[in-house]
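One chain, subunit A, appears in both complexes that follow, with subunit B as partner in the first and subunit C in the second.
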Partner chain A sequence: MPIDLKMAWRNIWRNPRRTFLTIAAIAFASIILVFMLSFQFGSYEAMINSSVKIQTGHLQIQAPGYKDKQSIHMVVTDPEAVGAFLNNSSEVAAYTFRARAFSLVSSEERTYGIMITGIDPSSEAGVSTLKTSIRRGKYLFEENPNQEIVPALIGELLARNLQVGLGDELTVLGQGRDGSIAASVIHIKGIYRSGLDEFDRASIHIPLQQFQDIYSMRGAIHEVVVVGKSLRQVPEIKKRLLAGIKTTDSKSSLRVLDWMELMPGLRQAIEMDLFSGIIFYIILIIVVAFSILNTFLMAIIERTKEFGVMMAIGTTRGRLTRLLLIESFSMTVIGMVTGAVLGSLITWYFQVNGIDISGSSELLSHYGISGRLYPKLSLASIISGPMAVMIITFLAALYPALKIRRLRPVEAISHV
Partner chain B sequence: MYENRSVIYFQLAWRNIWRNPRRTIVIMLAVIIGVWSMVFLGALMRGLEVGMIKNGIATLTGNIQIHHQEYRNDPVIDHSITDTREVKAALKQTLPPGARWSFRVRVSAIASNARHSSRVTLVGIDPKHEAAVSFIGQAVTRGRYLGPRDTYGIVVGQALVDMFDTKIGHKLVLMSQASDGEIASKAFRIIGVFRAEMLATEKQFAFVTLPVAQHMLKLNEGISEISIALSNDQDTKRLATALKAKLPSDTYDIDPWWDLLPILNAYLELSDGFVFIWYVVVFISMGFGIINTMLMAVFERIREFGLFKAMGMKPGWIIREVLLESFLLLVIGMVFGNISGLITVLAFSTNGIDLSALAAGAEFAGISRMLYPVIYGMDIAIANLVVLVLGILVSLYPAARAARFTPVEALAHT
Partner chain C sequence: MSIVECVDVQKTYHQGKVQVHALRGISLSIEKGGFVALAGPSGSGKTTMLNMIGGLDQADSGRIVVGGKVFENMNQSQIADLRLYNVGFVFQAYNLIPVLSAIENVEFVMLLQGIPADERQKRAKAILDEVGLENKYDRRPAELSGGQQQRVAVARAIVSNPSIVLADEPTANLDSVTGNGLLKIMKDMNEIKKVTFIFSTHDSMVMDYARRIIYLRDGQIAKDKIK
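Right, the complex of A and B next:
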């Protein structure tokens, strides 16, 4: 076996220029794939993280049907029980309660229909970026000395539409959980900009306790928002929560929804982008495979005479086939490894420095990303592209190698 | 004499490439697949774009819109066009026959029934004119479209009907701020339900007749926007500029669709760049094969080139001959690549590609459910030019190698 390797290695370098070009083609494809896949994964993660942090959290526990209808009657009646269970789950990094009601909100000049969200200020800060995205004013007070005044946070674009600023009052008119009229006056204490226009145009936050008073919630809430330690752990946490929820609440059968269910559009946009990317990559690899097939083919045609001699002195066809496969395989592996290493270095550079695509910032803020995009190297993005290149080029190499089986020593020796 | 020589060179190159048919076919296959992918995937991307633009324009945008100067920053009732005579006159003078327009009232409102309430966009339309401008004329799938005298009728989307647990014939109350600052509310009866490409559209828009909306909001003759639909051959940019010249810019805001749909526009710019990068990437992966194959072809024939030189052939002609070989390879590959690409596009262009399995994702990106590939002559021209020019360029290296062999060393080569 070592002698086969030695022969293969020498054969490869009999024509260094050709070998170099072949390796370069494989390396090129690998570099492109490593970079592109890392880039895609990086932007997906940015999209998911920003949406998760601004809006939904990794997981939510809700009443059945609430996600689609968002009716004020579909509640989690005993949030404390769920909270007690979450406190005991080690994978849960943070959680918070939210309640939401659609209401008519009027300033002196304007009136809009808005979804008002009740939040628990201290635990909300651990779950979402709301606190850090305050641009003017202050985040909701943790302890609220004056129960008469309802403090509120408002999105920058909504504040502009309502023509209000810090310290202004808004009247709120909606319907309580019991069907009664819910009316109140809220005072703007803070204005935030999350970067997600849709969110900044349509949301107002008030403290949960006062929300529950205004909308007669009787202690109930709508969403338990859960954040895990990382995005990767979400399926596992979901499984635990599903099992755990059954023990805490036997009758009302709460639902556990992960971010993919909460934002199906986002998941499918990612799937579609990945899917179309994969089609592009496969075609690219096939073009590369055909473009290097000639090298493999030439390797046997040029050496037919040599093979004839080797067979005449007793080399089996199987061994010759193996020799050729070792040759093409080692070229592919060299190209692939070079490509993976170079690709990782290039990607790593951009991962540190970011890629400036400010020209398309409108598009990015649609997905809640601002400024720069950072590709993200991962084992999957480094390995999967080059592996695909290797498999397809190896298939291309099979065809010439198998031709050896039809070679006859006498004819081969007389081949010119 | 000169012409004769060209013919001989052509023959020489043609015969040379078929000396090793298998090698030639393999490299041609690489070119064919490369060009095919450029044509087909390019057409798919263009198809996506065209679908998105059509969708964007038909969903109430139109090719051009006219608003009160302040409306787009702050779309409220106060920023309405109160006197439409000036605009009407300008439209009649400027727009060519075939252009259609529609006046609308468009405000944010709250829809509610006994079970639910939600934010919607109330659109007051002239049923006849609107049908010629936007999607709503053909979109009503149950019940009926608005008639000019529908005082209580309202047309809403299927998704809204589902969300509100309601149906045709049931009541829906709309509330919005009227021009006097008071909250106006009015009860309507659902007379028709429309379907749209996107669920968000079905949830967002509620249509009533223009006079009803004007009366409810105490607008008199005022309107919020004018949407203009042009036919395909009419130049949006030119007409928008012409309208701007006619109407005072401190009162009116005139925008073509690309300003009204900035996200779509940003996407289009991005994908334009992407198509071109894709062409170059595909070419580079072909390029390695082209260089290698031509090098092999040249090195096999060292003796031959030596002989040519010994007989007095100039290096320039050797270069030309080798370049002609790769030119022929490329052109044949390109012809087949283009033909197969066009056939693939044609096969999909009648029935389209169904994206509904990815409907929510497509919707998120503003893409319609069916994708029809679209061929742009310009794209094909660029793709072929990239392949041809770069292909010849990389062949210069093997050609130069061939020209450098000296007769003595070449003839000594075995």
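Right, the complex of A and C next:
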């Protein structure tokens, strides 16, 4: 072993208690960072997946401007061509068509303005959690869309507000794509609870084919909802869809929007939460950095005479600086690795068993997550926090290490 | 032939508002192979003089030449190199590196000089044998007595064959028997290897061994006695 490493290793164990406490502080910060980052990444992914499954999908193909104006006239005129392209895309796990119209819906007691969504019951079940969210009644899948009766699924909160239940009728009044009045009577076949209050309070789903008849859509739709095999693949899928979609609908220049564009509120909430998390982490790391700084300032004070002697016998200031940096680096690496391993084990335990968050997180419940939350270990969550600790503590150790360069041998040797 | 040449060396320290004249124009010449004691009471300037010769401190004025090299023409890095290759130090409080074993302490200077590991080990063992520590190679300083530590310090000082060894009160912390043994070792090194030894001391035993005693008082040479 090189003498510098040997000396550094022996030096850090000259005061075992202080070294242990310093390493423990670094390890503790690393454990917290690994766990918290994994918890945050896990909750973000859960929020995104939950919102994606309830509402938007990973991506949507829409007419230009539809997202902002939600006009019934802004349509995808040839959804089958888009569907044919998507069928040949290996990264696409599932897709469905939706058409939407703002309408007035009335029960015997009350009237509300809500969003009526036409869905393809079969493919919708592969894209969203609507089918599994049914709490009472049946999903549209089992209905025959050619019947005169228009079956409908209604959010639990909306049903409560309208004071209706299964089998009740509602009158729908809106505007068709051609400007005509769209009016129909729908029959409640199922009541769902997604966990997302905003969604459950203002939405009704009916079969797409009947929606197209009622709203004079002439075969058009508003959204092609796409789900990829994983969230990470979204940017790649988007790139391919953008390139491929031009060949299917060159006239209307369809837009491909990802979940961040479709749900800017969710993205901002994640950014805000991450930002506040980062501030907390920085404070934590600075506290640890002060611990390292204290350790090495103490070491310099205690070892001033020794450094003076070493300089007297020919050791350069650069070599002494290097020695101290090796000592700080060794302690940081030990603390960091210990913390990363312990943090990963603790996080892994909760990744398997989950953390009960019922009623504890307003932010998460807002995005349809309640019950248990599962942290998600990743290379990024294991490495990024401890690496930040290492870099900042190393920088903190630079000050005392560089302080050595100002030592004068004669003064250092006579230091008491 | 002189190994050390000092001409009108002056040094003043500032302790708060008080000026302490540590050296007041000292001029001396020390021959190669000398065994010289700088003697005098505390505050007479002997340690300051030793520090000046070793390049650990700088004179306010005057001229110091060691091994033919003039300090005033050298920068700190060159003086550090001179210390590494030409000067060995023995301190009153031994001042070994506590985390290194006896042999590692002796090897350390040779390591700084870039001597290969095999050669370092061979020479370190030989010199430790010479100072009577043949069975103590792997002991850390805390596991050695004061006399043994000082013998390691002497071994460290002479292992790389310096021209001069500067020893600041080397026997002050030792009992008379141990101190006497150490001085015999240094005298042997002086006679066999022709290494120049310069001591700062007020120990009469050191003065007995010295062939030349330079008495300092209030930063000036009071008497220069050659036996």
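Things to note:
One rule holds in what follows: the second predicted complex is superposed on the first by the 402 of 416 C-alpha atoms of A that agree within 3 Å, B and C clash if a C-alpha of one lies under 4 Å from a C-alpha of the other, contacts with A are read in each partner's own complex, and residues count from 1 in each chain.
Heads up, the rule we're going with is that a residue touches a chain if its C-beta (ideal position, glycine included) is under 8 Å from a C-beta of that chain, and two chains touch if they have at least 3 such contacts.
The structure displayed is predicted, hence computed values, not measured ones.
Once chain A of one complex is fitted onto chain A of the other, the partner contacts of A:E306 are limited to subunit C, with no touch recorded for subunit B. Of the two partners subunit B and subunit C, more residues of subunit A are touched by B.
After overlaying the two complexes on the shared chain, residue contacts for A:G314 are found with subunit C alone; subunit B is out of touch. In the superposed model, A:G219 lies in contact with neither subunit B nor subunit C.
When the two structures are aligned on the shared chain, A:R14 is found in touch with subunit C, with no touch to subunit B. Within the superposed three-chain model, A:P64 lies out of touch with both subunit B and subunit C [touch as defined at top]. Judged by the touch definition given at the top, the superposed model places A:V288 against subunit B, while subunit C stays out of reach.
In the superposed model, A:P409 lies in contact with subunit C only, and not with subunit B.
Once the two complexes are overlaid on the shared chain, A:G354 sits clear of subunit B and of subunit C alike. For subunit B in complex with subunit A, the touching residues are 22-23, 26-27, 29-30, 33-34, 37, 41, 74, 76, 108-110, 115-119, 163, 175-177, 181, 183, 262-263, 265-267, 269-270, 278, 281-282, 284-293, 295-296, 355, 358-365. Considering their complex, residues 17-18, 21-22, 24-25, 28-29, 32, 68-69, 71, 102, 104, 106, 109-115, 160-161, 163, 175, 202, 264-272, 275, 279-280, 283-284, 286-288, 290-295, 297-298, 359-363, 366 of subunit A touch subunit B. On the subunit A side of its complex with subunit C, the touching residues are 3, 6-7, 10-11, 14, 305-306, 309-316, 319, 409-410, 413. Within the complex formed with subunit A, the residues of subunit C that make contact are 51, 54, 56-57, 77, 80-81, 83-85, 88-89, 91, 95, 97-100, 104, 107-109, 111-113, 156.
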